[in-house]
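What follows is chain A paired twice: with chain B in the first complex and chain C in the second.
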Partner chain A sequence: MRSWDSVEAFETFLDGGGIVEVDDRMPDVFRDAVFAFIEMHANSELMGGLTERDWIPRSPGVKNKMAILAKTQDEVGHAHLLYMVAADLGIKTRTEMMEDLFAGKSKFHNVFHYQAVTWADQVAIAYLVDSAALMSQQAVFKNCSYGPYKRMLKRIIAEEGFHMRFGEERLLKIAEGTEIQRDMFQGALDRWWLPALQLFGPDTRDGDVLLRWHIKSERNEVLRDRWVQKYVPLLTSYGFVIPDDHLRHDEATGRWEIGEIDWAPLKAALANAGPDSARRIGNASKNWHDTAWVRAALDEAAA
Partner chain B sequence: MSGVAAGSLSDGTREFLLCLADDEHLMGQRHTEWIGVAPFLEEDLALASIGQDELGHAAMLYELLSGPGRDIDDIALGRSAGEYRSCWLVEQKCPDWSDALVRHWMYDTAESLRWQMFEKSSIDELRGIAARALGEESFHVMHAEAMVAALSLSSDAHSRLAHSIAELLSLGVAMFEAPAGELDAIDDGVVSTSMVTLLPEWQQRVDARFGEQDWAAVDTVHQNGRTTRSDSFAPMYDVMREVLLIDPEAKW
Partner chain C sequence: MRIYEVFLKRDGKDEFRHAGSIEAANQQLALVLARESYARRAEGDLMWLVDRADIVSADHSFIAPNADKPHRHNDGSLVAARRKAQREAAS
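And now, the complex of A and B:
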């Protein structure tokens, strides 16, 4: 177990590339910040799985069903792993975290406050949301100063890569498909473009402790722009229209410039007041309540 | 007899094999409905994994029936309701966890017996599928058995499970009803015996786990050789085909 005399000494350790382990006597402010970050990631994996599970029974074909089931299983599996990493920090147990989530007391990413209304939304989630999440996670993994999280991210990133590939392959079929399919995806793109863009968050504030303590390695706006530069040309090359009236290609720089982002939907989602928040949290809470007898019986058996 | 080519299946054998394929397909479909909403995360993952196995078995059987290079969804999802050969147990929604667990126990216990009927099948591919399925089914049975055993220690859970057994027992027995095409399948050497011959062993296992049942009092379920569907089938059938029907020309 290592300890530091002051936050300044701890920060010097982090700046030198130090990796913090769970049994280190880390400053409480660091423990709290890392816990909140991992708890939100875990919640988001679980709620993301719930978004996608709506479409497993509706998947077009047995092979698609197996693929989307495996993907959803991965997401719930990530939640399972991340809750363990978060619980080890000694602030909340896994049950406390899940019960806070189902009571609407904690946060999960904005994109999972929306409903997937068609199969194309499922593809858009894999193509846009998973790619944005992967880009963010890779940036965290790069220099992450909390060892248990960094090691878990390595596995998660490997699996998220498959999810992105799933989205790419399904999108390609749609892009080369019928007019109905293309219209369906355009509808999904209209719904999911802004939430995916907002997944990166607003511009990073100066003095952000997550950057200072090497949990994050890049600013939100840098990651968001990198994603825009990659996905705008891909989507437009397939003939889809990005739902941004002010989007333009700067011929001088060769870069895509997006219009001003309305952050109100992000704020609403993070306050659990997004378009589908109440239904999502309500359903999850009801399921948790309905199966309480199983957990109680197993606790009784173990006692 | 061995080495019969899958392409030369008799109509009766094809119909018989559809029973297994449809059972695995619909059981897998029902298991997938529990991901994210099971009592705890490990159970979400276990049922998703078991559902994945069942869908995999269904896909292998549909491939056998479709022939090489053909789209299995033509059989898996392209038939009318009356052309399915699923047993009614797998068609049930079972939105209550106790029912879902008891159904899982009943089905996988039956599967672990049923797949043994194909160990000496005249169709090479079927022997391979059966060997793989038997390996996986043993884990499914272990999972169901461990969960039922642990829950049975609680009086509340025990009474819930007893209620589920009473609700589902007749459908469990109906899994073993001789399906259409069974006699042809036996004549062709595809399967070693009639499904109903497995029933006594299955009943013994039910008695051993859940207490002695009054088998004489169990209602008969009229599946008509699995040629008719239960009321639970239509809503599931509509959901499974929802996207495919939007555009019949589309490839997804």
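And now, the complex of A and C:
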């Protein structure tokens, strides 16, 4: 077990590319920051998995149904793995984290505070939200100073790649479909563009500890911009319209410039007061209570 | 509930590698959960589960005495230098 005499000595270790392991005596401030970050990621995977689950019976056709089943399994699996990594930090047990989530006491990503209204929303989620999540996760993975999380991200990223490809393929089908299908996707894009953009968060503040401690390796605005530069041309190439009146292509720089972002929806979502937060947390909580007998039976089986 | 460490190995390749951990009520359920969490896309053909409580571990300070023993390595530099000199003399 390694230990450091001061936060400064610890930071020197991190700046030198040091990787922290679970049994190291890391400073409490670092432990808390890493824990909060992983807990939010775990919660988001679980809440995302529950949204996917809603679409298992409603998917159009058996192929989509099987793909959504696999995706649901992946997301819930990611939550499982991340809750283990978070619990090992010794701040909350896995059960405590889940109880806090279902009581509305902890956070999960903004994109899971909205409702997926049509199948096109599912496609928009897979195409926009999964790609944005993947881009952020890759940036964390690249240089993450907390070893157990970095290793878990490797496997999560691999699986999120499948989800993104699923989204790309379904978008292609919808784009080549009927006028009704194209309208349906445009509606979904209108609903999901801003939440996906806001998944990256507001501009990173100077002195942000997640950056300083190499938990994250890139600033939010850099990642957001990278995503915009990639996805605006992709979506417009299919003939869809980005719901941003101020969006323009700067001929001189060759870059896409987006309009000002209204951050109020992000703040509301992160305070569990988004458009669909109450229903989602309520459903998840009901599910947790309805399945109490399974957990009790497992405990009995083990005793 | 017990915590199990999960190790996976691809058939005929590599060694068993640590994949992560899972929490389960008993060994049988642990196997199912580990398969569904860590080997959904053929990440391995063989799996070991080890109860975390059974792991005997050593940390950096125990291993440290072996970290600085250059006499246990031989990088072959003397011989390599002679060969190089011979090659250069011949050309």
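The rule is simple: the second predicted complex is superposed on the first by the 299 of 303 C-alpha atoms of A that agree within 3 Å, B and C clash if a C-alpha of one lies under 4 Å from a C-alpha of the other, contacts with A are read in each partner's own complex, and residues count from 1 in each chain.
One rule holds in what follows: contacts are C-beta pairs under 8 Å (C-beta built on N, C-alpha and C of every residue); 3 or more make two chains touch, one makes a residue touch a chain.
Predicted, not measured: the structure shown is a model, and the values here were computed from it.
By the document's definition of touching, both partners, chain B and chain C, reach A:Gln73. Contacts of A:Leu194 after superposition on the shared chain: neither chain B nor chain C is touched.
Annotation for chain A, partner touching more residues between chain B and chain C: B. Using the contact criterion defined above for the overlaid structures, shared-chain residue A:Leu210 touches neither chain B nor chain C, since it reaches no partner. By the touch criterion defined above, A:Asp23 lies against chain C but remains apart from chain B after alignment on the C-alpha atoms of chain A. In the superposition on chain A, A:Val62 makes contact with chain B only, not with chain C.
Shared-chain residue A:Arg2: touches chain C; no touch with chain B. Using the contact criterion defined above for the overlaid structures, shared-chain residue A:Val294 touches chain B, although it does not reach chain C. In the superposition on chain A, A:Arg151 contacts chain C only, with no contact to chain B.
Comparing the two interfaces of chain A, the one with chain B and the one with chain C have residues 70, 73, 77, 80, 94, 298, 301 in common.
Those residues of chain C that touch chain A in the complex are listed here as 1-3, 19-26, 29, 33, 36-38, 40-41, 43, 59-61. On the chain B side of its complex with chain A, the touching residues are 25, 28-29, 32-33, 35-45, 48-49, 51-52, 55-56, 58-59, 62, 72-73, 76-77, 97, 150-151, 153-154, 156-157, 160, 236, 239-240, 242-244, 246-247, 249-252.
By the touch criterion given at the top, residues 46, 49-50, 53, 56-66, 69-70, 72-73, 76-77, 79-80, 83, 94, 119, 170, 173-174, 177-178, 180-181, 184, 283-284, 287, 290-298, 300-301 of chain A touch chain B in their complex. The touching residues of chain A, when paired with chain C in their complex, are 1-2, 23, 70, 73-74, 77, 80-81, 84-85, 87-88, 94, 151-152, 155, 159, 298-299, 301-302.
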